[in-house]
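Shared between the two complexes below is subunit A, which has subunit B as its partner in the first and subunit C in the second.
Take a look at the complex of A and B:
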C-alpha cells in the first residue's frame, strides 16, 4: 500500500515562559503521540474541537513545525531532515483572511508564489489561468486582494496551494467564515482534486463537510487520535442511542446540568443559533426521555421538538466529550 | 538564472506592495523635506555653501539607510504579521532567497526618498543638480542600493534574534548616519569611529555616490569596496537566516498564533 503520509508517535510540546519577577514555565502538550497513515489519493479528514491539536499536527506534517519527538514522512520523505523534498510535493491552504499580499493583485500573488514554488516560467501563465478558472476568479485577477471578499481570498489561497500541482494538499479549516454557497463550491473543488489523484488532508469543524468529502476521518481531541474510520464506522460510537432536539429560548446552564443527570440521558448540550437555542439530548435508545426533558424545561419558551437517529455529529460529540483535556504542565 | 529571476520578480512585487502603503508614501515625501532642510541649514551655517548638493545627496543616502534599517530590520516581523511568513517558508527555496527580495525592495523604496530629497532641495532651496560624473552617478546609485539591500539581509536575520529589535533599530539610525559620513565628513569625527565606519557598506556607498556627484575621487574603488562588504553580509545573512528558520520551526514562531 503506497502511503502519502505516515506519522509515528508524533508529539509536540509548546514551552512558554510567563512573568518577570516570578517566572513560570508552562509546557503544553498539544499533540501527544499521533499515529497516522494516509494512502495516496485518499481524502482524509481530521476532526476535532478547538485546541485539539489539528493545526499542530498539520504543521508538523507540512514542515512548518519540528516535532518534539516521533517521526513523519510525506511522499516517503522525512519532514525534519528532507524538508525541501517534502515542500516540493505539498500544498498548504489555511482558512481566514491572512497570508496574502493585500496590496498586490491576485495575479501578482500567484505569479510570485509560482516563481517561489519553481513552476517553470513557460508554464506559469497557462497554469495560473487554469487555476483562476478553477476557483472562479477569472476576470478579477487584476484587482487588488484588499478589495476581495473573504470567499474570494479563500479561493485565491486554494489557487496558490495548487500552483505547483502538489501530490499532497493540506487544507486547514478552509471553509471557516465562508458563506454557504462559496463553501459548497469549495467542497466541489476539493472533491474534484481528490478525483484527480491528489491526496488531501482536511481539517474542519463542519461534520457535513467531512461526511460528504472524506474517505476516512480521524477524530482528534486532547492531542490524541480518539477514533478513526469511515463516517459510517464512526457513527457506531453513537449506536444504541437516540437523539432529542428541542428548539428553545432561554435555557439556563443549570437546566442543562439537570437534564444531563436525568435517568437514561448520556449527553446534553446547547447550541445557540441566531436568537434561539437548540438543546440536543442523547439518551439510551431504550429510554424515552422526552417527557422528563420537557418537564425540566418548564417555564422556558419552546419551539420545535424532534426525535431522530444519531448522526456523525452526535458520534463526534460522544467521542470528544469522553476525553480528558488537561494538556498544560506548569513548573516554577 | 532562475535565482536572478526570482530575486528580480520578488523585489518588484515587494516594491509594489510597499509603495501602495499610504503611510510609506507620506513618509517618503515628508521626511526628505526635513532632511533636505537639515542638510541645507547645516551647511549654510558652516563655511562651505558650495557643498549644498553634496549635503542633499548625503541626506538622500540617510533616507535610503533609514528605509533599509526599518524595512529590513522588521522584514520578518512584518511578514509574520501579514501571515505570509509561513507561506514563504513553505516554498522549496533557501530561506535567504525568500527574504533577500524584501530587503532589496526596502532599499529600492528608499530611493524614492532620495529623489524626493533632491527635488525638495531644488524646489525649496534652489540647490542645482550639477553632477560631476553623471554616468558614474547612474551606476553608483543602483549599485549602492543593491549593496544596502544585501546588508539588509544580515539586519533582517540578526534582528529577529534580538529581543526588542525595534529599540535596536532606533538606536542604530543616527550613529550609522554619522559614522558613515552621510551628513558630515568622517574627517571631523573622532578617530575611533574610523574603523567602524570602514567596516560598514553604508560608508562606502555614501562615499561612492558623493564622489560621482563632486568628482572629488575615483568612484569605482569605493563602489567595489561597498559591494565586497555587502557580499560578505549577504553570505553571513544567508547562514544566519537558515539558522533562524530552523529555530523558528523548533520554537513555533513562524506564525503569530
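Take a look at the complex of A and C:
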C-alpha cells in the first residue's frame, strides 16, 4: 500500500545571528536525520518534549520549510519541488491563539480560506456548514473570532484545516492550552477523522493523548527519533523495571542527582504538582531501592510513597532522558 | 477571478484597521477635507496658486492615506494575526491572492477623492464642467489603484522588515511635497521632480488639472497612461518581492510563518 508520508534522513539546521556589534553565528540542528513512513489512513503520533524538533519536522513536510538535507514525499509528491500538489492534499492545524483573522466571524474566516485552498465556489457553502457542525461551532459562526474561547479557536483551526478535504492532516500540538473537557472533545474529533480515512500526523507532548489516539508513536528528542512503535511496544522500554513515587515538599536538585546515582536506580525525576513535588524513581525490578531513596531524602517532609508497575509515561521518560538536548553550536 | 474579488473583499475586512464607520469617516473623509481647506486658504494668503489648483490637487491626494496604508496593511498585517503560514499553504497564485487585496482599497480611494472634490468645490465655489466628470472619475480610479499598488510594495517589505510603517509615513509626506498636488512642480528642483514622476498620483494630478481646465479627455490621456505605468511597476515589484521573500523564507525561516 502506498505511503501517505515518507521521509528519508530529513535534517534541518537553523542559522541565526545574534548580537550586532559582535555578531555570533548560531547553528541549531533542530532535526537530525528523521526517517518516517506513515501509511494511508494511519493516525501517527510524534511525541516529544519542547524543542525536540516536532514543529520543524512538520514544517518541512507541509512545504513551509526546505530541508537542509534529506527528502520527503507526501502522497507521493516531493515536498520541495512539487509544492502545489502537496499543498492541495494537506491540511495544517497548530495549537495556540493566533493564526485567525480576529476581526472576522468564524464563518468569514472559513470562507476566505476556502477560497485560498481552492474549494470550488459551488461546494463552499455546504462544506463550511458540514465543518461547523463537525467541530461544534454551528450557531456561533457569525460571531467575531476575537470573542471566541481558546477551545473554540482551536476547533475553528481544525475546521479550516479540513476545508479542502485533505488526504493528510498535520496537527501540531492541537490541545495545547485547551481545557480538559475541550481536549477530550478534540480527541474524539480527531479519532473520528481517522475513522473516515484521513491520514493524521499528530504531534504532542501529552502521553495520554498519544496513547489514546495513535496507531503508532514515534518518540522524538534532540531532533532524532528515539523509539517507534505502538503504545504497547513502547512500554517495553520500561520493562523489567519498577517505579517508586514519593510525594515530597522541598527536594533539591542535588538530592535528585544523588538518588540517580544510587545502585539499582535507572531514572529519577521530579515534577511539581500544585504545592507538592512528585519524585519518580525507576529502578531494576529485582532491586528494592525504597529504603535507600528515603534515606537520601532525610530531612525532607514527605507525603505518600507508592510502588507501581511502569506505564507508557515511564517508558517515555526513559527514552527521552537519555538524550543530549543541546542542539546549538556557536561560531564567532 | 473569485479569489481576486471575493477574496480581496474578505481580506479587506479582515486586515483593515479603519474598517469601522467612525474611523472611516473621521480619518479618511473629514481629515483630507480640512487638509484641502488648509492649503486653499494658505494658497490665497500667499498668492501662489488659485483655489482650483488646491482643490484638484488635494482631491487626488485625499486618496493616498487610505490607499498607501491600505496596501501596506493588506499584506503586512498578516504578521499581526499570525496568519501568514496558513495563507502561504494555499496552492493558488500568490499574485491573485495579494494583488486582489489592493482592489478594495483602490475603490475606497476613489470614493474619498470624489467626496473630497465634491465637497471642496461646493465649499469654495469651484464649478467643474459636467463634461469633465467621467474623465475625472477614471483619473481618480487610476490614481487610487496605482497608490494601492505602491502600498502593496511597502506591505511586501513589511513581511520581512518590521519597521515598514516608517516608510509608509515618510512616503505620505513625500507625496505631499513631490507629486505637484500642493507645490507646483515647476517650483521644485529637478531631482525632486524626477522622484515625483515615479511616485503614484503625480501623473493623475496633472491629468485631473487638465480635465478641470476643460482640456478634454484626449489631452489628459498621456498623463493617465503614465500613472497606470507607475502603478503597474509597483504591482510587479510587489509580486516579485513576495515571491523572493517566500522562497527565502522556505530556505532560511525568515518570515513569521507560524
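Following the convention adopted for this analysis, the second predicted complex is superposed on the first by the 332 of 332 C-alpha atoms of A that agree within 3 Å, B and C clash if a C-alpha of one lies under 4 Å from a C-alpha of the other, contacts with A are read in each partner's own complex, and residues count from 1 in each chain.
In this section, a residue touches a chain if its C-beta (ideal position, glycine included) is under 8 Å from a C-beta of that chain, and two chains touch if they have at least 3 such contacts.
Values in this document were obtained by computation on a predicted structure and should not be read as measured data.
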Clash or fit, subunit B versus subunit C on superposed subunit A: clash
Which superposed partner A:307 touches (first subunit B, second subunit C, both, neither): neither
Subunit B versus subunit C as contact partner of A:195, first or second or both or neither: neither
Touched partner set for A:121, first subunit B, second subunit C, both or neither: both
Touched partner set for A:113, first subunit B, second subunit C, both or neither: both
Touched partner set for A:101, first subunit B, second subunit C, both or neither: both
A:208 touches, of subunit B and subunit C: first, second, both or neither? neither
Subunit B and subunit C contact sites that coincide on subunit A, given as residue numbers: 14, 62-66, 84-85, 87-88, 90, 92, 96, 98-104, 108, 111-113, 115-118, 121, 160
Residue ranges of subunit C touching subunit A (in the complex, touch as defined): 2-3, 6-7, 10-11, 13-15, 19, 81-83, 85-92, 97, 249-253, 257-258
Interface residues, subunit A side, partner subunit C - complex: 14-15, 55, 59, 62-66, 83-85, 87-88, 90, 92, 94, 96, 98-104, 108-109, 111-113, 115-118, 121, 160
Residue ranges of subunit B touching subunit A (in the complex, touch as defined): 2, 5-6, 9-10, 13, 16-17, 20-21, 82-84, 86-93, 98, 246, 249-250, 252, 254-255
Contacting residues of subunit A [partner subunit B, same complex]: 14, 62-66, 84-85, 87-88, 90, 92, 96, 98-104, 108, 111-113, 115-118, 121, 144, 160
